[in-house]
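Labels run A, B, C, D and E following the written order; every chain starts at residue 1.
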Amino acid sequence: MEIDKSYSYSDTELDRYEGGVIEALKATSGEAIPDPDEWLDEELSQNILLTTVDAVLNWARRSALWPVVCFPACCAFEFIAIAASRWDFSRFGMEVVRASPRQADLMITAGTLTWKMAPQVKRIYDQMAEPKWVIAMGACGISGGLFKGSYSVVPGYNRIVPVDVYIPGCPPRPETLLHGIMTLHKKIAKRSSMQEGK
Amino acid sequence: MTLKTEHFVLNLGPLHPSTHGVFRLRATLDGEVIVDIEPVIGYLHRGIEKLAEGCTYKQNIPFTDRLDYLASMSNNLPYVMAVEKLAEINVPERAEYLRVIMVELQRIVSHIIAVGTFVQDLGAFGTPLLYMFREREKILDLFEMVCGQRLTYNYMRFGGVSHDIPDEFLPALAKFVDRMPGFIDEYDQLLAENEILLARTKGVGILPKDLAINISASGPVLRASGVKWDIRKADPYSVYDRFEFDIPTGSISDAYDRYRVRIEEMRQCVRILRQAMEQLPKGKVLTEVPLKLRPPAGEVYAHIEAPKGELGFYLVSDNSDKPYRFHVRAPSLINLTALRQMLIGWKLADAIIVFGSIDICLGEVDR
Amino acid sequence: MTVALPGKELAGKLEAQFPTSIVESSPASLIVKSEFLLRIARYLKATPGFDFDYLSSITAVDYGNYFELVYHLVSLEHNHSLVLKTRCYERDEPVVPSLFSLWQGADYQEREIYDLMGIRFDAHPNMKRIFLWDGFQGHPLRKDYSDDT
Amino acid sequence: MRFEHYGNGIAKGMALTLKHLFRKPITTQYPEEKLTVSRRIRGNVLAWSQEKCIGCYTCAQSCPHGCIDIMTSEKGTKGLVPAPCSQSCPAHVDVPRYIRLITAGKPSEAVAVNREKIPFPSVCAYICAHPCEAACSRGQIDEPIAIRMLKRFAVDNDSGLWRKRSKIASPSGKRVAIIGSGPAGLTAAYYLTKLSGHLVTVFEALPEPGGMMRVGIPSYRLPRDILKAEIKEIENVGVKIEINTKVDSPQSLLGQGFSAVFVATGAHQTTEIGVAGEDDPRVLGGTDFLREVNLGKKIELGNRVAVIGGGNTAMDSARTALRLGAKEVTIVYRRTRAEMPASSEEIEAATEEGVKFLFLTAPSQITSSDRELELECLRMKLGAEDLSGRRRPEPIAGSEFTISLDNIISAIGQRPLVPASFNLATGQGDKIQVAPDTLVTNNKAIFAGGDAISGPATVIEAIAAGRQAAISIDKYLGGSGIIDETLTPPEQILDRLGGPIEGWRPKIDAIPHEKRLSSFSETELGWSKQSASEETQRCLRCDITYEVEKYQLRGGQCIYCGLCVEACPFDALFMGYSYERASYRLHEQLLSKEELLLPDKRQASGYAHPEVEETLPKQTLLIDRREYFTR
Amino acid sequence: MAILSTNPNSFSQLAVLPPDWPGNFWLHWVVFTVIILAFVLNTALIFIWLERRALGRFQVRLGPNRVGPFGLLQPIADVLKLLTKEDMIPAKGDKLVFWLAPLVAFVPVLMIFAVIPFQSGALLADLNIGILYVVAISSVAAVGVFMAGWASNNKYSLIGAMRDVAMLISYEIPIVLSIVGVVLITGSLSLTEIVGAQRDIPFILLQPLGFLIFFIGSLAESNRTPFDLVEADSELVAGYHIEYSGMKFATLFLAEYAEVIAMSALMTTLFLGGWQGPLLPPIIWFLIKVFAVFLFIVWIRSTIPRMRIDQVMAFAWKFLLPLALINLLITSLQVVFWPEASPWLIVFLNLVAMVVLVLSWSRFFRLGGERIEV
């Protein structure tokens, strides 16, 4: 079986375009994006009245958090570990890992983000339907971690997408990840649907 | 009459469920048949080689953990071997045995993930992967006993390993070694004769022997192509010359052969583990070296048979406490070279499983 | 045990075959002139007795005034190995011949060196950046690279 | 006819999944249930002990990406504790203090600090075996501080300031005799005279005082004038040294008006190799050879000399032989270089000067002819470890080979030679038996110390023995036994002094080895002020405990690699794990100060901190990991 | 000509409700529409819960158990969440078709239930061409899927939709041929009569090969493993519904489960004796059988991997179709030439025939890939 050994595919046009997108994104993401929710302070939240509708909706939303596929690196395998039998996040209704961002609610950023990857992550975030949440998993997700000083690494996902919960670790143990998810549950529980317009 | 068809370009990845990380295939399709394919990598390029030039030798061990994050122990080993060669550090015998035990356990973990995700890509809804993860968790427990971490172990040191094993380790390992063959039989029962798996993988993604060698493939990919080349036998390092084990090879060089080779290697790992446990000597596990090691100027290349293939570290020292050049010969990257040759003419669905059968780890491909 | 062929002995044989091709030889390695690289590699690959059919690894080192390319060759048949080196003194537009025509395994590794070290490989079919994106300034593994951000 | 692939494979698989349907799920129901983590967990709690931390920045330097911040408080220090170097010094010289004084540009004060504990600072500056450097905390990081070389710098730049502050005690009227003028004897004499006021007479059998310092150590290592000056200082305080006087027995001295006698005769007798042909005159004993040379006797050596043994005497003999004109000197040692007891500097110097080494070789026979000696040797291999932790050499049968030589110097060891007339109880290896803490022999007025009781040891150990003997003798004679003096004012300000700097030892200048061999002049040159100052700033100052106010990990960057915990020379860090870690905010301090200040209980084997486990709620530790292995 | 007696009155004695309940035509129509809607929606929710729990247990884990007792409220939370999620329409998509597609996919599946008898006479319309109606209607759902795939303007969804259509066309044929066997024995196209004919022996025994073919075919029709290529997430990310979110996605999701319910119900009706069974009320028997079939489907899903599209096609045309034809031939011969034979003998003969046919045909039939020269 003879295979054509010439490289006919090399699409330099596309490469150049993608390089431009990366450079543009890099130029505009100098600062960390603040929390999208304008997060309620602990003491404030106790005074906010949530309607019954809010309560029911928030219950539904946190009980059916479908994560999107976004597993660039090491942390992915701790994510798979909580999907696997021993920690089993399906107990919280999360095993429906959607590969299509349209149908997902939660982005768990399991791994180092590089500038080459950043436009894709941003795009996936943009494609997700509201309401949506992001968990920055691991040291790389929070701050770039071990690779913070590198020329190609984004120092934290919050340069690209707004992050709701930060989970430290390299990688975080599955229990810590589950705890982070439950922290997100608490955050969702305090949210009012009035805020969604923003 | 010939049907006139139009090619179109399909972009798989970089965040695609079956790309094992951030890998992208620009595929030109004719219907569902792949006409041309261009792997695009670099989405996880963290610049480890550059960062390592700015860190001391010891500080670089955590970086090696994160190369092939599915086999961190196997990545620690060639790096410390290279530095030991460079600085002429002796390793106590017990430490050598502990290294072999850890690396072989790690090989089982890596192959478990390779086979599990490979079958997952075939479309089995998680079950084989989750059964295999059950055993993986047991090995991770063993690793955690030894060094306190589940994934990034940072266990090997120049001149040995960081800690001796705790008392509860050997009984737990013995228990695991006793049970593991039974688990491998379970995988076989679930997968080995499954008609759909056979239909999907037999004869798919053939990598002929000559091409495999020419393309510098290594590890199970090379062996599945019928080349009996295993660095543990060909260039024995550590104490591998004291163990008896076989090198499984394939005959048809297809995806199924690669799957079989991995399953068989897991059995061989168990064999090596048994012997290593029997022979494990007593004594110290670490030769003391200063924190900021300053090896004499020179260069060194040390390689081992990592689960994914020949993993080598090429170090250049200028007699300072930081490496002048730190290069990783990453098996995943080089095995990936074969992908294009193996894919053209196959269906889109085959692209996924052939890719899965190579078993790459993007952390190592991109570095 | 893989036997490392002594560079000194080999240098004699190669010198006879390709006069003035050897720059330097040591017990561990053999440094050849880059214009002879492809010919010597072909000779080493095809000559019975050497049969270096397996190109294990390629890398490059920036020594300031020159780049050194390091090729680890292995013969699976005879189980011996050789470290072949060549040097490139050009800094702005360094070019060395590609070994892609002999070993396809050189494909990604040469692209990697081009991307990170900025050495162009002559006659490589797809010489473009592999890890970094098009438009990235500089080649990070060079010693004089600085990240301005 | 075989049927296969008609669905049987699928059926098998389905049988397996059905079997699993009825198995108990292995899920851990977090957060109701939690797994017990391993005892060595390297998790997200980095505990830190404020008491132990001295703010040396070693942890911060070991972090691969620098995420540790340390801030010491304005107040400065918490106080002083003994540093590893001064603790490991047999004479307990306050090393950190004199290093600080050198940094402050006061070498004379530094010598005074030395003088508080040892009467031979210059001798030590040249030839001390420096156990302090082996203990140095900096050695765990890169290279230990060159303490001996710093002392050398101090004594080279000494102005004699200490003399102004030293006082001589009023005479007590009691007389003490000391047999042997080695480091132990002279130290005891010095302190007994100067601080206790006794009248001390030292008896020396050889024509020069100084013992092994004089006759055992070649002058290229310890120049004669340095030693002479030191002995002069001792004589200046009133010690009488009687040279060329051999004492028959200590008991007789007691009868001559001496109230107490200190026997410090050293270990000068060469141990025999124990092979046939050893009694040839061309086979020399190592110490005998060195003594003859050092006392100025002329010794004719042939061109080819072999030195048998691997200790410092062997190195000295080999290097001396080279200086006497031997063309080819070979050291024959039965183990490998790693096991050699000689100090590594000596080995290196010998190698540089061209001494050849034959490792894993043991002599088995010496045959002599008129023209030359034939040394028959056996090859050895290393076997199991013996009690001293070194691997025991085992002969390889049939590996005999011979070397032709002109001279053989046997330097495999020395032992004390105590004449029977001394009437003292001796033990193994002819060592005098004494009570270990008072050094008193079987006669309560007779004390013994130094190499005579310990076998061949170092100068600094002999000095320590001398001090101990001085204390015991003073107490025996009714004194207080206090021989400490204060020659430097106590330190007032203890600030950071700029913190330890990164880097390696400055190069030590030495005379090129081609020039060395022609003479017996000293080989090693001192440091410049610049180098010495650089070197002192590498000191971690482990004796000062700093008040570290803030110790923090930069939020979300720590990767739990544990390198800082391993690197900490003072065991002030340990890692633990807590399940609950996640926050809404990026800059929320992921590790608060309270968590860092966990009480200090480090497990010997690993990272985990038991307190961390104890702080987990008890009821959460439901699942034992071991249970999990039984399905 | 029938082998079995079909007396419509003899089997309705166990029924709780009278056969003509609730009487009035319009009332009947309204009540049954509501019943069908409620049945489909509720069963779909329970199926979702059951599938996730069962898959969990197959994989030695727990499955959803936090949301409500035993996690029973999990599907409700899913649906509530999906309904309140942002609805997105791709900018370059065909908006009208995009909007219509979920309806076109869902409604036909719902219409199948009009002819499925929950118990004797308890059905919306007892059509005498019931089975023909089912076959006709069920193909329409594919149009919805194709509309969804095309309107999304996405390569993945288009490939997914193409696969669905190709599969549907291929598998309709063996399915219809296997149903014809049942019809031949019963002699009627009415589903009520088919159920009635299985009073003594369910057709799974009389038509084992037919059942096998129908089962495999319906797996393909409802896009279940190993024929879930339409939304194969390891290849096509999410298949035809890749661009759908919120309520529309919920509808598509529901349509899929409704199709599974319909197929389970059809299998129950055609081969498992429908509502008939001892002791328990007929409706309970009907539900038990439907759930049993569904659990079997879940069991398959938990075990085996996915096939490739050309293999799926080859399987339909080279394996199922010939066998279906042979099955039809055998059945016709039996019905025409041996109508008086003891049914148990026929059962035995057909079982033997199935084993022989499957074993021998699988020796001819080999699935394997081959490279296509490009």
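The working rule: contacts are C-beta pairs under 8 Å (C-beta built on N, C-alpha and C of every residue); 3 or more make two chains touch, one makes a residue touch a chain.
Fair warning: this is a prediction, and the values are worked out from it, not measured in the lab.
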{"item": "Each chain counted as touching chain A and chain B at once", "value": "C, D, E"}
{"item": "Fewest hops from chain C to chain E - one hop per pair of touching chains", "value": "2"}
{"item": "Centrality ranking, top chain (CA atoms only)", "value": "B"}
{"item": "Chain located farthest away, centre of chain D as origin (C-alpha)", "value": "E"}
{"item": "Centre-to-centre distance between chain D and chain B (centres being mean Cα positions), rounded to whole Å", "value": "44"}
{"item": "Gap in Å, rounded to a whole number, between the CA centres of chain C and chain A", "value": "42"}
{"item": "Centroid distance [mean C-alpha coordinates] between chain E and chain D, Å", "value": "84"}
{"item": "Distance from chain D to chain C - Cα centre to Cα centre, in angstrom", "value": "48"}
{"item": "Touching two or more other chains - residue numbers and ranges from chain A", "value": "1, 7, 10, 84-86, 88, 91, 99, 116, 146-147, 149, 151-152, 170, 173"}
{"item": "Where chain B touches two or more other chains, by residue", "value": "16-17, 42, 45, 47, 50, 62-63, 126-127, 130-131, 134, 152, 190, 194-198, 341, 344-345"}
{"item": "Multi-partner residues of chain E (at least 2 other chains)", "value": "56, 58-62, 233, 237, 302-304, 371"}
{"item": "Every chain pair in contact, whichever chains are involved", "value": "A-B, A-C, A-D, A-E, B-C, B-D, B-E, D-E"}
{"item": "Residues on chain B engaged by chain A in the complex (per definition of touch)", "value": "14-17, 21-22, 26, 28, 36-38, 42-48, 50-51, 54, 62-63, 66, 69-70, 113, 126, 129-130, 133-134, 137, 150-152, 206, 341, 344-345, 362-363"}
{"item": "Residues of chain D that touch chain A when the two form their complex", "value": "25-31, 34-35, 43-44, 64-65, 554-561, 577, 579-586, 588, 590"}
{"item": "Chain B residues within the chain D interface of the complex", "value": "55, 58-63, 65, 90, 127, 131, 134, 138, 141, 144-149, 152, 154, 162-164, 166, 168, 172, 175-176, 186, 189-198, 283, 290-292, 294, 321"}
{"item": "Footprint of chain B on chain D - complex, ascending", "value": "4-5, 7-10, 12-13, 15-17, 20, 26, 37-43, 58, 62-64, 139-143, 338, 385, 504, 559-563, 566-567, 575, 605-608, 625-626, 628-629"}
{"item": "Residue ranges of chain B in contact with chain C within the complex", "value": "41-42, 45, 47, 49-50, 211, 213-217, 227, 229, 231, 234-236, 299, 301, 303, 310, 312, 314, 316, 324-325, 327, 329, 333-334, 336-337, 341, 366-367"}
